[in-house]
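Everything on this sheet refers to the single structure shown next.
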């Protein structure tokens, strides 16, 4: 107890002597120094500090999901940690505007010295990608080498081990598969949903048939709905879904997909509200990381242009490719294609409704 | 004079009776109303108001550049108006977060009724694209029809006439061509720059030859510099440049490109400082519009997903294509590839320096 | 059905002919026009559109809380609507940067004509303040007249009626009073909390007594804790609380305050999670409105300076006063002073815990 | 040369081993660790890194102004560095949202241990305040001790020395005093301006006399203008100005104030454009720092509430006081009160106009 009381100065608590002594511009100090190099160093250091924080949060989220049976309390905790991660990502995107105050001419004052050090070598960012679920097979290749070729010793080993471990994607998939609401008593969600979709599409076709339209217009609209029908059939078939997984068109298992669909459709039921917020936060994270890559490409374009036709390696081209390709939770975003309007939504039987509500209000 | 004193109430000054009475949800009012439709209407109305403001600013910028001889005072005015346009764009990007609070399930509550009304039909946004310099040939096609097929009467005519008019791109190109600093007295900028580039690249090759490197490493590096040399040669050749224009690899004329390069390299000279800020603001506008399109794609993805494999038209796919393709000022951004570091920059002769400075300080 | 299919053009759907024809600069059109007046009009129109949206959301939130017994589903809906309102407020704060691109010299070009029209006359904003719960007695007075003196006819009547109606503050207070968890079976929350606080403070005193401190240091620390003790006693006494209400030091009833405290302390229990998010969103709204007023003061300062010593009315001074004074939910923010760390938090008996959980997981 | 080629890895270049090893939560590691303490440490470290960058920029700005005769080129450099500082401040304000994801209950998990370490102890932030020009006499006192009591040794000495040094405020004041345009040949700016103001106010009075107004309304308006007249007279009198300085109502010298006024009024003249941008950037910095303090107060309120009536020291109250009181460049913001509309602005004689323009265009 008595230790707690002994005072800690802010400077020591934050190890500021380490932090504020860690800037060593290659362009030198004094007259020779390139004024702008300090900005380049400091902004990258803040990025790395924030990456550490994001990794801290994602690790804790994965931990909370480890158990077979998740404590309901923890879904709220997870949602607020994901919200924090997304707010950090917003800052990381926004602060690119600071770096963009450095112009290409300024950058040239020290660029030579630091080649080939590049953000591509951020160990923490690679680690984060792997933790989220980016597999080496899915990565866009840069140059001829695998992405981990640039790390050595302990750092390389850590990355390779992470590749073999459970990722956030796996953890989410398993959790979705365990969610027990797809079949309760006599309620079979997939069947109910399937009939609802058919009813909806049939009504749409009826509407078009009786509407005053030109023949060709009517034909086009009916054809579109038929296409939609096929799309839903394919998506609802477990067999077709598994084929799509084999062809790497999709990643999330059939059962997990159905659970995610149920959560999206019945998100207003108390027990599903936080799970819904969690799924949204994962899509949000994917989009924020994509936005960060996208703005990163723009920043590089402002600084270096696009050397069309040069043989030189193009970090910018690499970055551009990863914007879409390195997304992790696209399958969750695509659930939106399966939404049907509330008027067609199958009513839940009262016993199910009760079981999704609070004990108190029962 | 006396009229000025008569009082105007805020409500009348802003025509609020019109503005606040212009929301007519298709889903109806009262019980039937889809709560979220109001948001959908209002956010689109704010977008259109801001588009009007942007068009107001771009029109004034084009006006100020109309004369053969631009009043130097006006470059400052133009820079601050472009800065305003870019701040508006930041707001337009940022406020997408408001729309994203609407989920796909919410959207379905009124989506049926409003089809096919879509943001693609914004007359003002198409007009803005044309004013900036997007030519119909360069546009990404959507469906089988030209983009103006959806407008009629006066609105169609306005768009078609704008296509034939001078655009901001043209105005900037002409202004750059008129800038008189490429050749003053004995100073020939292109020649000087060409020698400086050669000197720089030769020094780099010398450095590599004497460095302790493996043979293969040395070879790679030298090959990279030789590629660079070729790149610079091609860019500096007027003939090659004109070929590139014919092949639509570039748009900006050779002379305008050289002026833009000069402004970028000597931006610290007083007379070039504001022109430099102006060129930067054009690149910034291009990037902001691209960011807006990019975030728009994300918003649609959250709301509708990606219907992989359906035959339905894909507004999202269209949007995605336009992110890069509809950029106007890429040639200005690419000037960055031609920067050389300050130590190689040819010194301006004193008489040129004077002529780029203020009269007072001469 | 067939009507749904008939097409609606974006331009008509959004009443763009009304919206885009509602800008009538007093400085005239053509040569005489003050270029910047358009911005002044358009930004105020977007503010009014967004105020309409905020009022739409707040109305719906109040509606959902009207019933004696709130459907648990609706708390989630309310939270997401409040989140939307707060995102709108962020945009309103951010877009002040656009207006700040107009300088004082620019403003003078049309300012004379529009006097005395001022944002102070926004009927919607006054309405919003009243709806949230700002009572006329609490308002900072401007000039000699009540704030509603500037409205007439229907608009004045609407404001006066709203003053007499239930506000969001009342609705929240009633809802908090109805929350049934302060006394369940043998569990008396206030008593339990009171003992926990005492235990905590006593332990702190013990710690200080045994710590190695100078006598005077020890004395200061013990005195501070004694002050804390008194503070907690006062806050927990219903009698003292009611006195504070009479003296207008606080507004929220004793019972509602205790419920808010319980929600804050046990927010991780499933049934309290969304209520907790809702309370946070109210504090957030208060803060966002305060930030908007604060930034508004800065904007006016940039445009008009502070005429120190002039007799002229000072809109800026008025605004400054309202930043803190017009806050509505300060009592909710002050709950933070009553937090005790998790280690002292009284454990809930299992039957209470169950009753706060989901039926399914029981 | 050969060293330049030897490769530097990103991890070493950024001293990441130091940076990422500098987080030592007092709550411990593993099971005992308070999850949220990491965020608390990391966000403060990013603040300190950014403070280092701001100090780097402000130092360079002061350096560029050191010489008697400022190279015109450098005003552009200074403007872009101030722009960067302001962009950093925007990030610092924005990222408070990350810290606000930590709730008061979370904070209590580790708050005890770190007392009394507080942001108030940031050496760099105090240093920055002093560098900008905040004198100890003007500071709001906290507790009984001067602000530098919390520093020791080298750190204390550095702060005390800075207090005696030139600040950015001094540097700006000197530069404004040196600007040579107040009197050129026969042109006496202050006189010209004085007549223009009188002409303007007289016209306003004439207008009111002939307008259709009630007698009392007319009287009020005329009285307001008379007040304005007195205000201008006082401001334009060097004697009165010096009295105001003695009474600490204003800080900026009379001559510097007149120069700032001239720059504001004739900012469109080429030679004054960048000086105008610079003055604006100083006001902007003041406002950004004030916004940061203001948001900081809100953050503390969310975390700790306002312990009304406790004896404990109130960091929040201190912060609140500094929002306005610690502003440095208020006198520059107040120049706005002296603007007169372009129609009354005295025309510059042609020889003066020439001398404010570019040599080339003469």
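Lettered A, B, C and D in written order, each chain numbered from 1.
The rule is short, and it goes like this: a residue touches a chain if its C-beta (ideal position, glycine included) is under 8 Å from a C-beta of that chain, and two chains touch if they have at least 3 such contacts.
Every value quoted in this text rests on a predicted model; they were computed, and no experiment measured them.
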{"item": "Most widely separated chain from chain D, with each centre as the mean of CA atoms", "value": "A"}
{"item": "Proportion of interface numbers common to chain B and chain D (over half same, under half different)", "value": "same"}
{"item": "Rotation angle (°) superposing Cα atoms of chain A on chain C, nearest 5", "value": "180"}
{"item": "Interface with more contacting C-beta pairs, comparing C-D to A-D", "value": "A-D"}
{"item": "Mean-CA-position distance for chain D and chain B (Å)", "value": "32"}
{"item": "Distance from chain D to chain C - Cα centre to Cα centre, in angstrom", "value": "29"}
{"item": "Chain A and chain D, separation of their C-alpha mean positions in angstrom", "value": "39"}
{"item": "Set of chain B residues in contact with two or more other chains", "value": "4, 112, 267"}
{"item": "Chain C to chain D touching residues, read off their complex", "value": "103-105, 108-109, 111-112, 223-224, 227-228, 231, 234, 249, 264-265, 267, 280, 283, 287, 290-291, 294-295, 298, 301-312, 330, 333-342"}
{"item": "Touch list for chain D against partner chain A, complex", "value": "4, 7-16, 18-24, 26, 35, 38-39, 41-46, 48-50, 52-53, 56, 60, 80, 83-84, 87-88, 90-91, 94-95, 97-98, 101, 112-124, 150, 155"}
{"item": "Contact footprint of chain C on chain A as seen in their complex", "value": "1-2, 4-5, 72-73, 76-77, 180, 206-208, 210-213, 221, 267-271, 273-274, 354-362"}
